[in-house]
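What follows is chain A paired twice: with chain B in the first complex and chain C in the second.
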Partner chain A sequence: MRLKIKPEWLLLAAFIILTLPPMQRFLEQSMVTHMLVQLPALTVIGWIFGRTLPESWSNKIAPWNRWGITGMALAIVIMTYWMLPRALDAAVSEWYVELGKFITVPAMGIALGVSWPQLNPIAQGVLKLEFWATFMRLGWLYLDLPDRLCANYLLSDQRVLGQLLLLIGSAWAIAWTLRVMFGTKIINT
Partner chain B sequence: MSATEVNGKIEYSDPENRNALIAVKSHLIAGFLVFLLMMIAGFTMRAAQGTWLEIGADLFYQIMTVHGVGVVGAAMITSTGVQWYFLRQYVRLSNGIFWTNFFIFLTGVVLILGSIFVGKYGGAWTFLFPLPAISMGAWSNGAAALFQAGLLIIGVGFLILYLDFGRAILARYGSLARALGLTQLFGKEPVDYKHPAAVVASTMVLIVNFMGIAAGAVVLVMGLINLFYPEFKPDALLMKNLIYFFGHVVINATIYASVIAVYELLPRYTGRPWKTNKPFYAAWFAIVFMVMGVYPHHLMMDFAMPNWALVVGQVLSFGSGIPVMVVTGYGALMIVYRSGIKWTTSAKLLFLSMFGWWAGVIPAILDAMVTVNRAFHNTLWVPGHFHFYLLLGLLPMLIGFAYFLAGEGDSKEQPKATDKLGFYAYLIGAFMTSMVFLASGASSIPRRWAAHMPEWVSFAQVGTVAAALVVLGMLLFIIRALVSLPGASNPR
Partner chain C sequence: MRTFLATLFVAISGTLILWISTDGGRAFTAEEARRLEIRENPRSVPDWQLQNQDAETFTFQNWHGHLIVVDFIYTSCPSVCLILSGNLKNLQKDFSDEGKSDKLRFLSITFDPEKDTPQRLKEHLSHFSADFKNWVAARPTSPSQKEAILDFFKVIVIPDEYGGYTHSAGYHIINPDGKLVAIFGMEQMDELRAYLNQALEGKDNASEN
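Coming up: the complex of A and B.
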């Protein structure tokens, strides 16, 4: 007999695993895993949850989220806040900021999941480009800055993160180029 | 087959077409007015160098900054008008996005003008790190930031427009490679002689400008961070590479966007079609890489640059432009030869642009040689090259298109006396302006100097007379555009 598990339960399980203190400490001990694993994982959980919302919920949200603008504005505000080094630092040091992170980042994912498909393709392109440029700018910044941006993380950690951001940004640019130039789809860019 | 018959044109509703025509005319008129103001700025600088006008050094550098950035901006907005006018006939483009870019551009222009004439920013369009942050009191950090923010905003507007170009081209052709004609070039599809040249050129412009503006978006923000957080000191050479990649690609792309007017209009005037073929596709494919790879010829004096980059810059500069110039120049000669073409002002200007494009690149090729570059690059030789290229190559394409849009190409009337006066004043003035710059460069007169030594003054004075002729010609063109363009219906 095949065990049938609803995707919502899987998402909840993934969320609970991320909140467990050992996993939380493990991911937050390094700037790299904090920014490139924990935060994206929380966002993806929210995103998938947003895509699987019951129809009655979606219908209630829809009049408040025409063309996905409200949801994207909310997502951008949350994203901007969590890009501040002191916000990330505070999440490591203070439990209530950490709690706020575990609520707002999945909420950002939900807003993205609900709003992104409704967004005009041109607006999607602008945001993707801005996101790509942010990877490159932050990567460069983390590599070149003489000071630590986060009091909780080492300068070497910051530099590794900078290199990884530049690497990911470059890979994304190549994948995007192959897609529009030759129609080759490596990943969903 | 009609002269301009190509694969399936897009049908729009009448209100859409009317709105599009107003939008294109707005781009042309705004662009030409900026060009005229920049020409007056250029005239002022030459008169100051020629001791006929006394202005302070700080004002000179502010004018120099606005002249540099203003001409590039005017070239971008006007050439985009030309490109959009023709591209929308083959792919479905949005009027709303076109207008959006126009208003974002105007917003950016206001910010830049404010930074220069209110904030006194005079660090040249190049905003080379670390100059914007170390003005020694000539301007504030806020003024430098406003300048870079203005550029950033203009870049965002163009990115939005290019996304619309990309969306529309992909919707019709599936991939940019197919739109560029690569599937035909490499034998995956039979050669289609009616594949629109406007689509091929627009795809090339879209690719290179997208890359150039993306690099600009990164480097401008890094510069802004440095202004407000001076402890962050990015690698100066990397900054310079990105700035020149951005700047060179953007200004170079304007001529590739405007040449669409030659492909579309000369066939109308000669009654012969401009057929696309494999050499045409190969040339445009090559130029995608060449336009992006030649910028190191601006960095040949930077000893810390890797040798291989300078070699690539030199080799590509030799070849850059040649493929497209050959197919376009040869194509233009072939369709004009014995065609019985009526030499309207529009036809004359478009044909003149071929000469300006070809001849204007020669001083650039000379300057791209490392040994010549060491002696010439910081002299007026370089303005000589790009004034030739822009005044006699780019602008005739744009003005020629404006004459066409004003209905001149289709009318039976002879060119008016003012048109003839404008054409010859502009031709002589532009040629003289460029040649005086080149002669000054060959005499080792440095560029970007507010005050000239007594031995150099006579060059500047001849340059001032030449600039006055250019201003006169442009003024006559603009009066004609302002009188004829607003009421002109869409030429068939």
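Coming up: the complex of A and C.
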């Protein structure tokens, strides 16, 4: 019993640490850590939480979320919203947008955690590819744009983020290629 | 069926939220958003006190009845402000050649008032051979006024990696009634010129609203 409670407390602790103002400021002073550390961390927390939902909850959600479709739609809406440069800027300068971020991003993680495993494998493949393509597109965009997208971040920051996105996307592509060609399983997705 | 309804609800409300939060697909960045907002809802400029390059204090009220172009600078700026001010120099020259400059004022406000003393502001203007009659460089008189001014114009200033600043760059137009009515980016010089021409010519009938 004690062991079962523990992971949830860890999740809660991780979430609280992320919400602490000094941690917020630290992660949000650069576009790179804001987008590649804070947002993914909040998503992962939500995801794991979603996977450990009590059965009674899952049963209640299930008829509204067959094949995980509703949850994926919700996740896509939230993801799209936080890809708007002005949303990111507003989160830095307005407290209520920041609050919204700390609620909706973990919610997106929960929706993903609940819905992804139920999703049809073909739909999974399409979304994975689309997600990967988003990395590559945004990476290219950030490297190429002569202007800043976010008023709160430096152009050099945007460039570094672009490079990192391309790098992560490439690593992902290589891992996939190895898996298809040699069956080497480096990552799960 | 329930899944279909729930998905439909999420999709419709999601599209609606995205539509509203981009002002109907017209503003994706904070910069676009502030320009759009001002165009649609001009705001009266509060009467702040500023100190000009001759160390005299003045307020926006003193310039009532003039069309004012405001930009934000700091005098040790190596890049963007030089272009900003360079463009203003060209504007000033063109409009004074056309004899329209008496109703037009340029105002460069520094957001680095500790370093930018009136002396340095004067040097900055001299660099651009500014006509001091129409072009004033000024600094806010207190830190709280500086914050209020930046807040009002929604100008975001962040320190860069070379000890300077990166900041929202643009030309903010205040009409003769003392309202902030438009913001133009540095890439919109032609539009800015056309706007100023139109505003100066239509001045007589523009004052009615």
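Operating definition for what follows: the second predicted complex is superposed on the first by the 184 of 189 C-alpha atoms of A that agree within 3 Å, B and C clash if a C-alpha of one lies under 4 Å from a C-alpha of the other, contacts with A are read in each partner's own complex, and residues count from 1 in each chain.
By our rule, contacts are C-beta pairs under 8 Å (C-beta built on N, C-alpha and C of every residue); 3 or more make two chains touch, one makes a residue touch a chain.
Everything quoted here is computed from the prediction, not taken from an experiment.
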Clash or fit (per the criteria above) of chain B with chain C on chain A: fit
First, second, both or neither for A:G183, with chain B first and chain C second: first
Spatial angle chain C-chain A-chain B, Cα centroids [nearest 10 degrees]: 100
Partner chain in contact with A:A171 - chain B first, chain C second, else both or neither: neither
Touched partner set for A:I103, first chain B, second chain C, both or neither: neither
First (chain B), second (chain C), both or neither touched by A:A13: neither
Touching partner for A:A133 - first (chain B), second (chain C), both, neither: first
Chain B versus chain C as contact partner of A:L155, first or second or both or neither: second
First, second, both or neither for A:I122, with chain B first and chain C second: first
Touching partner for A:L141 - first (chain B), second (chain C), both, neither: first
Dominant toucher of chain A (residue count), chain B or chain C: C
Nearest Cα pair across chain B and chain C, whole Å: 10
Set intersection of chain A contacts, chain C complex versus chain B complex: none
Complex contact set, residues of chain A against chain C: 63-67, 69-70, 73-74, 76-77, 80-81, 84-87, 89-90, 93, 148-156
Contact set on chain A toward chain B in their complex: 121-122, 125-126, 129, 132-133, 136-137, 140-141, 144-147, 180-183
Interface residues, chain C side, partner chain A - complex: 2-3, 6-7, 10-11, 14-15, 17-18, 21-22, 27-33, 156, 158, 160-161, 166, 168
In the complex with chain A, residue positions of chain B that touch it: 94, 97, 156, 159-160, 163-164, 166-167, 170, 174-177, 207, 214, 217-218, 221-222, 225, 231-235
